[in-house]
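Read through the structure below, which is laid out as structure tokens, and then see the notes.
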Amino acid sequence: MHILYLALALFLLLNLIAGMYRVLRGPTVADRMLAAQLFGTTSVAILLLLAQAANQPALLDVALVFALLAAVTAVAFVRRAWPGAEANHDPH
Amino acid sequence: MSITNPATGKAFRWLVMLLLSAIGGWLAYVMLVLSRSPAGLGDQVAAQLNTTGVGNPVTAVLLNFRGYDTLLEMAVLLIALLGVWSLGGLADYQDTAPGPTLDTLSRVLAPMLIMVAAYLLWVGADAPGGAFQAGSVLGAAGVLLQLAGWRLGDCFSGMLLRVVLISGLGLFILVGAGLLLIGGAFLQYPPALAGGLILLIETAATLTIGATLAALFLGNRPGLGPKKADPEKTEPDHGNQHP
Amino acid sequence: MSQPFLYALVGVGLFVLGLYALIIHAHLLRKILAINVMGSGVFLMLVALAGRHPDAPPDPVPHAMVITGIVVAVSATALALILMLKVYAVTGQTALDDEKPN
Amino acid sequence: MLHWAFDGLLGTGLLWLAWRALTTPDLFKAIVLFFSFGLLMALAWVRLNAPDVALAEAAIGAGLTGALLLAALARLDTSNQPANPVTGDGESDLVDH
Amino acid sequence: MTLINGLSAVLLIAGSVFFLAGTLGLLRFPDIYTRLHALTKADNLGLGLIVMGLAAQSQSWATVGKLLLIWVLVMFAAASVSQLIAGRALQRGIRPWKR
Amino acid sequence: MIVNASQKTDPSHPDSSDRPDGHRVTRYVGSGALRLGAFALVWWALTGGAVDSWLVGLPTVLIATLISLALVPPFSWSLTGFVYFLPFFVWQSLRGGTDVAWRAFHPQIPINPGIVKYPLLLPPGLPRVFLINTVSLLPGTLSAELEPDELIVHALDTEQNVLAELKVVEQVVARLFAISLKNGERNRNVQTN
């Protein structure tokens, strides 16, 4: 089982790094931001598998923190760096 | 489009590369030598762990053996925040309404973030976790609430916020000075009290770190101008919405 | 060659990469990113050295240093970003005077 | 063997992301690559048997660094016009200065 | 015990296949909306299967609770974020790709 | 209480104005007790049941409950609706994941995406947000935007009957929140573009 956990973690890491191609490629900024979404799920899965493989329950806490904060960067992107039409040129 | 410094010529760049590869090679050699050197302070920490009042060696180092470092680190955070505030405000973002999805996300996640921060604080005594991790989670909670449009109400952005911002550093110094008074040395906890004192200091440090990080994200000095500040510190139903 | 040594080498690489970018780039935001990469490299070296004996438990002192370091690095980054925005607001430039293109 | 493959891939990924983050001409891309680098660092701490550091890095990397940098980039940008409605490509307003 | 191990292994491998599908979708699909479909649905299902696989192995109910909590939080975040990005993309006039 | 900007147009607690005070108090007490239990359960799961953790846990759970009550006012829901919702959601997300995975693996990428407008019957507030989030995890649909009484959905395959599926989902969510949708039934006109 130990080998299976590690192999799957390696596989997911490969997935993650392959997904970074989309960040480089774009074409829109939102496509690049999908990296945050990808990290939010994939790295949680990797951490869960590593926690089981290394028998380190503390890694579940790391995964929990990732899961809780997965949204923050993407929300910052939508609310700050990628404003909607009305947010422009507010004379104030 | 070149993204490099136009003032640096090609020859200069090659020179830098040459020098840096020398530095890199030297560092790699140092790593090789050091990685064969005998153990560091791990054994000493392990030997003294039962006097610290906590079971996690990293927390023991942070709050007990090298409490000075953590104390000064709180001071650095405070100075960074003072630096940001003294630079004067930037124009606030023109926030649009957050929309129901983001609004609900912030409302549902806020209590969960507080739970997890408290959990990390508690678990830090015996397992990975502690004031810095919990404070970072609180700070991130503050960032999320700010992004969802929450702002601290006026009654909280004044004195109360400032008290929270210095409570970590202040309590640390107070405890240290109290220990001096009762005859110990600065920040040398008696083993019987160490666990409780560390939990107390860590709680204050968590609140301070969280509030400072959230305030650093805001970038503006709260209390100046219309409703600005970090919201995660207080009961958010007093948090004012803007606009 | 052990596993921590591999990460120490990655740390060296990151440090050198960051230092190079710090010297070469004029844009202040890039300089901030470069300093952060350098910092990550240093942290990696420290933690790798802390775990250099695979049988013994890792040395907690560098771990504690790195945890404070991470929090200090992010607050310093916040301060640096505000400084950069102030420079930009005053001069309209995102680079310092002596590095401006002429 | 699997350990080495994982560590090697992670180390290479870290160096690659840092290199691309520091050399790419597009500032927005640089920031996205940089915070991805930070999130990958959390995995490196896990592999180095430092879950304390991994927790701090996860909280800071996921919750603060990206938000700080993106907010700063937005303030740096003076021409925050809505994107070209035909292509919808938002890149025009987030380019390197 | 081997039955549980086998079930767990099957779940974990199935979860990884869904992660692969999510990445493939991210790389192959033609526009931001369709890529969001791939990421939210396939990756969340993949994570769910991995959580199930690990929960089957876990020793205590508290760990199962923590794993489920992680999964629910990730799903909630992913659904909210994908709506935010898709909504803003529509608002900014990014036209959906059409066959 | 000063509340969120979005709530001015979109009140998530429609019950708070026209009910007598005594009723509100009971609702808050009942919902508070329920949430107290839920947060205590979460704390138990986080700490693995360590007894000495409750020194920190008790005040934390109390604070979390109070903040939660302040942020999300009590809402009505039904246990049978919840029991009905869970298997529905699990089955549908399994379907959704398989569907999108099949399309991603297929050499020709068999998708036919488009925008679908779905006229909402659910009242504004929490039920709608819940619907939005659920729809994004279900087969072939992704919530994009919420207009006053319409949900704009991006569908992966417009040839499938997306509106019928959405209608089922809305019914299930309504049942979960103990809302009856029959009285407000309107003419649903299919719009795809």
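Read from first to last, the chains carry the letters A, B, C, D, E and F; within each, the first residue is number 1.
Methods note: a contact is a pair of C-beta atoms (placed from the backbone, for glycine too) under 8 Å apart; a residue touches a chain by one contact, two chains touch by 3 or more.
Predicted model only: the values in this text are computed from it and were never measured.
Visitor: Starting at chain A, figure out the least number of steps needed to reach chain D through touching chains.
Guide: The fewest touching-chain steps linking chain A to chain D number 1.
Visitor: If you apply the touch rule, which chains end up adjacent to both chain A and chain C?
Guide: Both chain A and chain C are touched by B, D, going by the contact rule given at the top.
Visitor: Look at the interfaces A-B and B-E and say which one is made up of more C-beta pairs in contact.
Guide: Here the pair linked by more C-beta pairs in contact is A-B.
Visitor: When you average C-alpha coordinates per chain, which one falls nearest the overall C-alpha average? Tell me, please.
Guide: A
Visitor: Counting only Cα atoms for the centres, state how far chain C is from chain E in Å.
Guide: Centre separation, chain C to chain E: 32 Å.
Visitor: Using the average of all C-alpha atoms in each chain as its centre, how far is it in Å between chain A and chain E?
Guide: Whole-Å distance between the two chain centres: 11.
Visitor: How many Å are there between the centre of chain D and the centre of chain E, using C-alpha atoms for each centre?
Guide: Centre-to-centre distance between chain D and chain E: 21 Å.
Visitor: Give me the residues of chain E that touch two or more other chains.
Guide: 22, 36, 40, 44, 46, 63, 66, 69, 73, 76-78, 80, 82-84, 87, 89, 91-92, 94 - these are the residues of chain E that touch more than one other chain.
Visitor: Spell out, as numbers or ranges, the residues of chain C touching 2 or more other chains.
Guide: Answer for chain C, listing residues that touch two or more other chains: 4, 9, 13, 20, 25, 27, 30, 48, 50, 58, 63-64, 67, 70-71, 74, 78, 85.
Visitor: Where in chain D do residues touch at least two different other chains?
Guide: Expected reply: 3, 23-24, 47, 51-52, 54-56, 59-60, 62-64, 67-68, 71, 73-75, 82-83, 88-90, 96.
Visitor: Which residues of chain B touch chain C once you look at their complex with the stated criterion?
Guide: That would be residues 3-8, 13, 16-17, 20-21, 23-24, 27-28, 31-32, 34-37, 39-43, 45-46, 57-58, 60-62, 65-66, 69-70, 73, 76-77, 80-81, 83-84, 87-88, 90, 130, 132-133, 135-136, 209, 212-213, 216-217, 219 of chain B.
Visitor: Where on chain E is chain F touching in the complex?
Guide: Touch list, chain E to chain F: 17-18, 21-22, 24-25, 28-31, 33-34, 36-38, 40-42, 44-46, 48, 60-63, 65-66, 69, 75-76, 78-80, 82-83, 86-87, 89-91, 96-99.
Visitor: Sort out for me which residues of chain E touch chain A in the complex.
Guide: Contacts found on chain E: 5, 8-9, 12-13, 15-16, 19-20, 22-23, 26-27, 32, 35-36, 39-40, 43-44, 46-47, 50-51, 54, 57, 63, 66-67, 69-71, 73-74, 77-78, 80-82, 84-85, 88-89, 91-92, 94.
Visitor: Which of the residues in chain A end up touching chain B in this complex?
Guide: 57-58, 61-62, 64-65, 68-69, 71-72, 75-76, 78-80, 83-84, 86-88, 90, 92
Visitor: Contact residues on chain D for chain B in the complex?
Guide: 23-25, 51-52, 54-56, 59-60, 62-64, 67-68, 71, 74-75, 96
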